[in-house]
């Protein structure tokens, strides 16, 4: 239960309407996907297809808002569940979402049940008219801004960072909506890819550090598309135009595409986790194909941590491409030795019910017949808490493997993320608590190898490895070097004008 | 579909989550019931009992908010449906609503489906802490205030008048919460009975005109109770203390009951419809028992419009007590000749499906065996549109009545209400469109008699009849004399300082 | 939990799908309403209207089955809830129930939640084709027959008596369906009003003792209607033709109405509870209008148990007509002193939560202002367990009544019913456990009077009172004289040929 | 709409209760998974784990029945959805399913929505006591038997083949339950793996042709387990004992495991589709590991249909192991060029909404960056209708592949299956309508190669290839040689004694 001088509040409703005002104070880390279309009569249907292609970025809830110029009316549909279920034929939702402009959002499942009012896009009836917004990422000063806004008389209805942006727009002193939007964005810090909808415009914005991705494309009939990843452009038959720049605000209207760059130039530092495991393999970001990067991570890993073995077995699905790269570089045969069960429900049998069978995994199973007596190289993309890895090792051992060599296609993760990747606290990160040898022992493997920081950057197309003065990527989880201040998390006052200085003029 | 320069917005969700931002712009007329308890360990259970006793004031939705000092936490449960279903044993809701202070609200069904976010109590996390509010009545300047607040950067999440009050409190320049609340209330006009909850106080307020009722009581163990009607005090075993005065703000805390009268004295004019048909017969308002008033209306009616007949038959349930009074005064036997079916569902067979049987009524049926060949006096409390009355007459005629004399226990209703009574527009009011003779013809009765305005006031305990200079009750629906300005409805600018002048100082 | 050598079985599903194979072994007493139409293009809509008029006979669930000759297809819709909710416009159910023949059923709420598969009409695909059946009443040998059928290889899917009839039809050795139906009915004992549907016929049947009612009518366009009560004929604009005779089987087809009387003649003994409180006041059964009977019961009661008092106050709604009759005969004014709350939900606050307020009633409230200091005659239709009566007395006393005289419009109920009236066991019947004086003391009233058995029969149109040799009505609950053997309840073997002897030939 | 001299019947209920009596007359082809446990205090939890491991065999619905000897009571929980959702912690279902014996069932989604009453296990209260049954497979004489049973007075409640077995047991003339079960099974034809539950026994049975799999295992604490595949034994930590023999009936009780072989010996012919794509890769059937078979199919395919190319790209997930085998044997690099989206909802945007983008696939996407300008070998397990293959080829072509060579790891499928594999009719099978060259043209590929029938058998461990006189596997879909008569499908009378002749004595 929440301690509440600031009046924590619990609004319980049955079934899926359960509202919990106290989920971690603010509903923090949302690793999500956004999509927007301007100028297609089937805007909502395209948005549903785009969100479906971005489903890996969030499976808990999804929503689409559209504007219909004929009816002069906004529509919004927000649901718990997968895009294909919420916006499928039977739902009738797409038919209700008329109009040629639309934006959409996939929400990632963090923990607990999501409240209906915490599903995006958010909508507000501003003095300039209706405004809908969808947000991928996490702000590092949302709590601070929210407290200030409440002091100033604002009433919040959700617990999402995104609502802070809405209030900042509503209260901006500027006149034109785009200026008000830029004014609002200049106050927020962290990672964000935003798509917004008015009755005249589709607006996109990417954080000044380029932490969260956003791309621009165009369909064959001329409609413009904004999406978190290029794979969503392919899904709707749109051509990739370019990545939205870090700190860029894109305004699409009947005058075409206008680019605003209101913020001081900051070198772009895309988040390494998009490449490592978050983005879809067929997406391309900043010119790098994600699947190709992952294969190369495996090759670099094989070069750094060779071992004699009978088979390379990826931990599916994350380890598949780096496992293949490892196999190619090492010459050790690639085998599907671990089967992944894709049918995990939301909740399942409690561990204590099955405590006798500690090695039981609901998600993976080892092919005993393939592994019996073999020397196995297990390749995975990363180790976070280490519990899953440990269970998999235990399972492979029980399946009769003679030797197990664990290879990880990234450096040890020692620091948490605050920009929108769902990551546990420092205390829960295995590599922040143990040495390599302790981890090897904890996992119960014969050998353990992590890719080096330079090897990692080499796979990301930096032949010289990492530029320590000016790192090319946001790799703070390996290094602790955060690109932004962490205002909410550092318990320090950060005067608002400092962020305002991000504005050019 | 809504026309929307001010951006009408439709947020559709399946099943009961359907949200329609456009239901008549603002969800206007809510004829509701409120209840609040301070100082009982079973505060939520008492509130549920109180709301159940007030169920006749609103059946569509209900909610209870409580504050638990031990947990320092607010809880809120808001549901579609009857109190007995939403807060019954199986729901577990009462168990979740811990604490010794609670407020509750019944919402009246207007039209369309209610959105989850339009169920009360509303809650906001103000800078002073949590604040919950429940509202019975209707504001006549809500739209005007809302527009101003949106201009000022406020973001509205519901379409209820009540949210305007919340924003006014959040933005008040005063310091102490009670002062901020009074400041907010000083801006609103119309009919209202409010109960509010903070982590320290239960607050009640009644509009300066005394349009909507509110009473104060106390249970045997000393807990204070606020309720729309005295019948809810009986339901929880509380003693009636007094009616809350018009314009009074009651603050209940560990210091006991404090009364604030911040507004200039305005003569109280209780709404006649509470006595005529809205309040429960066993309630007593301003010293008048509702059932006794209704019987007396029937007696006055018999005196004014005598007729020779075989039976007095009330139109159930509204006409029962005045029918009995008519029978007493006239000596004509009282008979239950019309049966009311209490099991009407929300929606039923479309009229056009059954067009062949025009006389079919789903709500009433006539006892053919009792009426065959008889001269029948039908007594009802009022005539609004006249369609139901006409159908009933048709049904009684078909059941074989020889003569039908229709008697109405109120004057003709010619003007709409704007203070919380669900009433159609002027054009739909039968008596505003027709003369008495035209109505008699429309209804198809042998004679038709309405109670006179003076007769009506006599039944309300004014032996001299109506005081036309200083009317004792709000009878604007008969007379067109509205006690307040109708700002939203008159399309005229009403400067805010004028309402502020209601404040004493 | 069920003890189960015969394998009690629990099939639990969430929400409304909850299936409990063990609810009292067999789901016994169903006090229900049935309706059927032959020959109207809107057969299902008429059936919905008819079921709505019969809603007082069962509110828990309802269903309609229809046959469409064009599609050569049966449809069935069965739902939990009121007719108006399940078959209202939004449901679309009526549109799906095409065809010109339909039957329907209302199910009474006994206790616990009803399983979907226990909602009627039941349907089976017999060798003669599809067959749907709806049943009002209760069989006294259902358990015995069911055990025999299971021994013979029958598989039961519901726990309803009605399924026994289906299996008997399926297994009959006769050839024609009507003969098979009569053969099946000849095996069952107890009270029943049946309506059945095939692809060619509408069939109705009434038990040989005439315990459960069934009437025949015809609409203006010639369609035939069967219904539990005549009020349902009025509801669809049909003319009453006649009561179906006791033991009669009515077959309606394109050849018109055929009457079969396959059973030995047994004097009809309609159930007194239909007149006393179960049927709707505007229904007429065997020539007696129900409301008129009830008023006359009140007059007889006043004659037998006069008392000086200030007001006659009915216990609503059951006591209303007999209260009026009592007032008429005694000259004591009739007053609505007790208010009934019609908004009781299914479940409500547990008594123990509110134990401090023993006198709190959720269903009734007393009008304190009317009763203060008055000598009150309370009139009710009957006393069953006595708990409600006692609470009402307590409430009236708390409201300040000076004297309370309780008058009951029926003789003491001392024996349970087994033919379809929901009645507690003998041990729970107040009058079977106490003398009149003990009851007076238990209820806490100043005097108590029950109508005599002869007075009761006089009110039912028998000027000589009860014919003890050949009672005119089934009044076993007063007298213990059951018209049929109680096979399931007597733990005795009743050879099947004995019942077969009911057949004429 | 159904044509119905045999009275097709439509029982519509809202939401998930939708019952359609007409789904293809009988709900035919159920490709399902079964599981049973005898002698573990957590029998239901083990069953849930086992069903989860068998989730690939059916995702639409699942159920578990258990027997609790202490309560002497059966429980049954049947739900729509995945095992992890229906039997997860929040559901509480496992807690309700007490007892040490349990059986479970996964139901495969065919078409339309499944009715609640068509979810297994089925339960019946037979004269011998309660009996629950779960069935994997499809009977080829179910319709014929059902018609005969209806003629004989049986009433069916579901449309499942399985209910036929229940009725046959209920009507058997034998005395002991096991004999009655064997008697019933002797009448049915087709593919089946059955697990059944009484209050004393767990019973398993496999069809005489060994078409559907069933294995026996034992947990470390001695409990016996029956399952469709060995992977479910691994999931609960049970040791594999052996495949149940074709035609074997296994009875597990407190006397241990008893084997009955009541049927004449017929050579076992396991279904090739279990190996080709239905079973999980880590299962082992009749001594053959499924993954190893699939890799070997790829190697045989490479040997038969070599081509020069740049990459071997499997069609995921089915083509993964044979693609790897093809790569190994051919030396062409293996690449993940096609991404599979696992998040397809039940329903999605209608094709016509998106008709402009014919190449859009909701399930697969091509990695443009990997395929641009490359010669690609696509490897899939089979071609059924060919539509998906054609869309994938189109997608790969659009992604820029220079050449596309399609290789199929099975012979052309020319004949439908009737034993439980969901397969379209002959007319819809691409290979039954076209020559190889026509198919190559239809698919739009540069070359097309299917594995030969002998190559296929070689991969299944038959070095000599197929034994045409006595085929080692049920490969009727390639050859048209069905192991059993197809009674329902041949419109011919098959006297019941013929099947009885399967009994030894």
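Note that the chains take the letters A, B, C and D in the order they are written out, and that residue 1 is the start of every chain.
Keep this in mind: a residue touches a chain if its C-beta (ideal position, glycine included) is under 8 Å from a C-beta of that chain, and two chains touch if they have at least 3 such contacts.
For clarity, every value in this text was computed on a predicted model and none was experimentally measured.
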Touching both chain C and chain D (chains): none
Interface residue overlap between copies chain B and chain C, same or different (over half shared): same
Centroid comparison with chain A (C-alpha atoms), farthest chain: C
Centre-to-centre distance between chain C and chain A (centres being mean Cα positions), rounded to whole Å: 62
Separation of mean Cα positions, chain D and chain A [Å, integer]: 37
Whole-Å separation of chain centres (CA-atom averages), chain A against chain B: 50
Residue numbers of chain A (touch at least two other chains): 91
Graph class of chain-chain contacts, one of line, ring, star, complete, other: ring
All touching chain pairs, where touch follows the definition stated at the start: A-B, A-D, B-C, C-D
Chain C - residues contacting chain D, complex: 1-14, 16-17, 21-22, 71-79, 91, 93, 96, 116-117, 123-127, 129-131, 150-151, 153-157, 166-167, 170-171, 199
Partner chain B, residues of chain C touching it in the complex: 42, 45, 48-49, 52-53, 55-56, 59, 81-91, 94, 231, 234-237, 280-282, 284, 289, 291-292, 320-321, 324, 328, 333-336, 339, 341-350, 353-354, 356-357, 359-360, 362, 365-370
